[in-house]
Amino acid sequence: MSKRYALLPCNGLDKTAGCISREIALKVEERSESEIICPVFFRVAEAKYRQSTQDRPLVVIDGCQTRCASKLAAEKNLKIAEKITVTEEAKKRGQQIGASLRLGSNELALAEAIAQQLLAEESKKEKEVKRAGEEVVAFPEKYEYEIYTKDKFIFRVPKGEQFFFNENDCWAYVIGHRARVGVTDFVQQSLSDIMFFTPPTIGAEVEQFGELGNIESGKAVFEIVSPVSGKVVAVNDELVSSPERINDNPYEKGWIAELELTNFENDRELLLDFKSYFNILKRKVDSFHV
Amino acid sequence: MFSKIKVIPCSGMGKVYGLLARESALRVTQNLRPQECETMCLAYLVTGDQEAREKIEGKNCITLDGCPAMCAAKNVEMAGGIVVDKMKMIDIMKEYKGAKPGTATELTEEGWQIVDEIAERIAAKVKKLAKEEE
Amino acid sequence: MSEDTFMGVPREKIDWSPRIDYSKCNYCMECVKFCPHQVFEVREHEEKKLIVKNPQNCIVFCRACSKTCGPDALSFPDKGEVTRKIKELREEMK
Amino acid sequence: MPEGVIKIGVVSCSGENCLGGTISRLATRKMIDEIYPDKTVTICLPLFLAGGEQERMFANAYPTITVDGCDKLCAKRATEKYSGQVSDALDVSEIIGKEIAESPALSTRNLTDEQREMITKVAQEIKTKFEKVFTDYVNTLIKSGKTPASGCGCQCGG
């Protein structure tokens, strides 16, 4: 089956990694029915790409951590299906990126490897999504909370034996082999109005304390630290266009992702129950100046 | 008879986004389009006074809200104003990623520049609405 | 205090803080402005104008500053390794 | 409320109608940013209607001082109508004069030195009211047998 992606490379012309992002997009485009979105033209003429971004899964290719392409996608409320950061891919593969803006053989090989990965990936991902759909686990829509307040700020912590927390203020609600994961009120209150949500990739394997995307406000970026290890099987897509749901309630409509657990018995050792986390939260709140 | 379009910002006491809303409103109503629009005090609408309601009932309004609480849009609707456009500063700020506009008390240079740009956008909307009403 | 221990382990025993790659750092100081925990320090008059002054202040598993780094000069230890280390330390303390 | 910390609410009008409002807002901010940052808390007035139960409880949770720019007294009236009794209220037009207060609202970009002085003066008036409300509140707490704030209230343990 031929792939049909909408490819959004950062096309960073002043950095080698940016030049690689463009090279990857070219390679994928040549060998599939994908379409490249020019980030520069996209800014001035959004309509040209509307069809393409609506019909096809969007692959965002960032050169470096500045993540210009991801930011552009978030700004335009586009749903990201897959995200690649060249510097991270290089690190994963143990490859160095040279300083010259003209790509050498190393850089071209890296681009080739990443392009091949993208070309091979879609079918695998489709399978994941299907599998995720088959095993629907119903998470509750409402939880009970214990409340701690400071000034006019209210910090809720959900009660119940199925809730687990880490010291990075993220929670997991576990049903069987599935967990729903999110951030706590402490994160949401300290960030204030959340403006951007970068989701984790569906199908990605995450270690305990690995990254599950990030959220960002005018104040700061927060990396979502997964309390559990597992495979990402669902993402709360609504948050891409309405990240304020995390501010409204980070446990109910503001959940982040769902994981199929791979080693929960092991993960548990380093997790906190409601009572222990509530104590930690109180301490954090008391020493926190808004 | 043509009545001026109301450009109503939220109270914006708590966050910089509110101050951006207020300053943008002042800029449009006092400098850019004073003939076609005017502002109105949201606090007065909140009191529920008959006189305040009369000023706004059935009038075209553009509301400027700082945060997702949408105080201006909600209160103007409750008072009977017609909200033709709800602008949300926090959404606009997504286009200025990483910008440091200042605090609820004071804007930075960058903040003022954003105010000017937002005010231009509002002015364009006011111009269009005023034309339609004529 | 929560600052002194992480997951029940003394914070100073956990090796988690940013590493600066000085061949890439352009001293834009975005990380300094960003981090609220005074992990970094600016040294105006020295060759290395930026150092990791208080590694203990860094929140374990937080890598947020590296996301503000345009030249990608900040890196962190491997999370898996650190997790294993924390587990070991917890064992020892039992 | 965490034990040991007493906060007083200071609520300003929106201040879009006149200069008095501009000054009311800025004096309130001065109180919150500079004069008593650890002992004050504020809320946007329209949240009494646009927000939820949490916001409407404001004047019950904190002894509240309202600050109004003109004699319409929107902040005072709206707070009492939707939230609760206010402990004290201030009308900026009584301090800077009705005529000046009712001149057009200003952008903070165009404030004159003279207007900045008015802000300082109004902030001082709020401060005076604040101190009285604060003391009265502490005394009521003592009378009702509750322990009021101990130490400096800055959570340093002092």
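Labels for the chains are A, B, C and D, by order of writing; each one numbers its residues from 1.
Note that contacts are C-beta pairs under 8 Å (C-beta built on N, C-alpha and C of every residue); 3 or more make two chains touch, one makes a residue touch a chain.
Because the structure is a prediction, the values reported are computed rather than measured.
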Completion exercise
Judged by C-alpha centres, the chain sitting nearest the middle of the protein is A
Fill in the blank from the handout: Of A-B and A-D, the pair joined by more C-beta contact pairs is A-B
Fill in the blank from the handout: Between chain A and chain D, the Cα-mean centres are separated in Å by 42
Fill in the blank from the handout: Expressed in whole Å, how far the mean CA point of chain A lies from that of chain B is 34
Problem - Rounded Å distance, chain B centre to chain C centre (Cα mean) - result: 43
Completion exercise
Residues in chain A with touches to at least two other chains are numbered 287
Exercise for the section: Would you mind listing the residues of chain D that make contact with two or more other chains? Expected result: 43
Exercise for the section: Quick one: which residues in chain B touch 2 or more of the other chains? Expected result: none
Exercise for the section: Pull out all the chain pairs that touch, please. Expected result: A-B, A-C, A-D, B-D
Completion exercise
So, in the complex, the side of chain D touching chain A is made of residues 1-2, 7, 41, 43, 54, 58, 61, 155
Exercise for the section: Enumerate the contact residues on chain A facing chain B in the complex. Expected result: 71, 74-75, 192-193, 195-196, 218, 244, 247-248
Problem - Residues on chain D engaged by chain B in the complex (per definition of touch) - result: 11-17, 21, 25-26, 28-30, 33, 42-51, 72, 74-75, 77-78, 81-82, 104-109
Handout entry: Contacting residues of chain A [partner chain C, same complex]
Key = 17, 64-67, 87, 167-168, 207-211, 214, 220-223, 225, 269-270, 280, 283-284, 287
Handout entry: chain B residues within the chain D interface of the complex
Key = 8-14, 18-19, 22-23, 25-27, 30, 39-49, 69-72, 74-75, 78, 103-107, 112
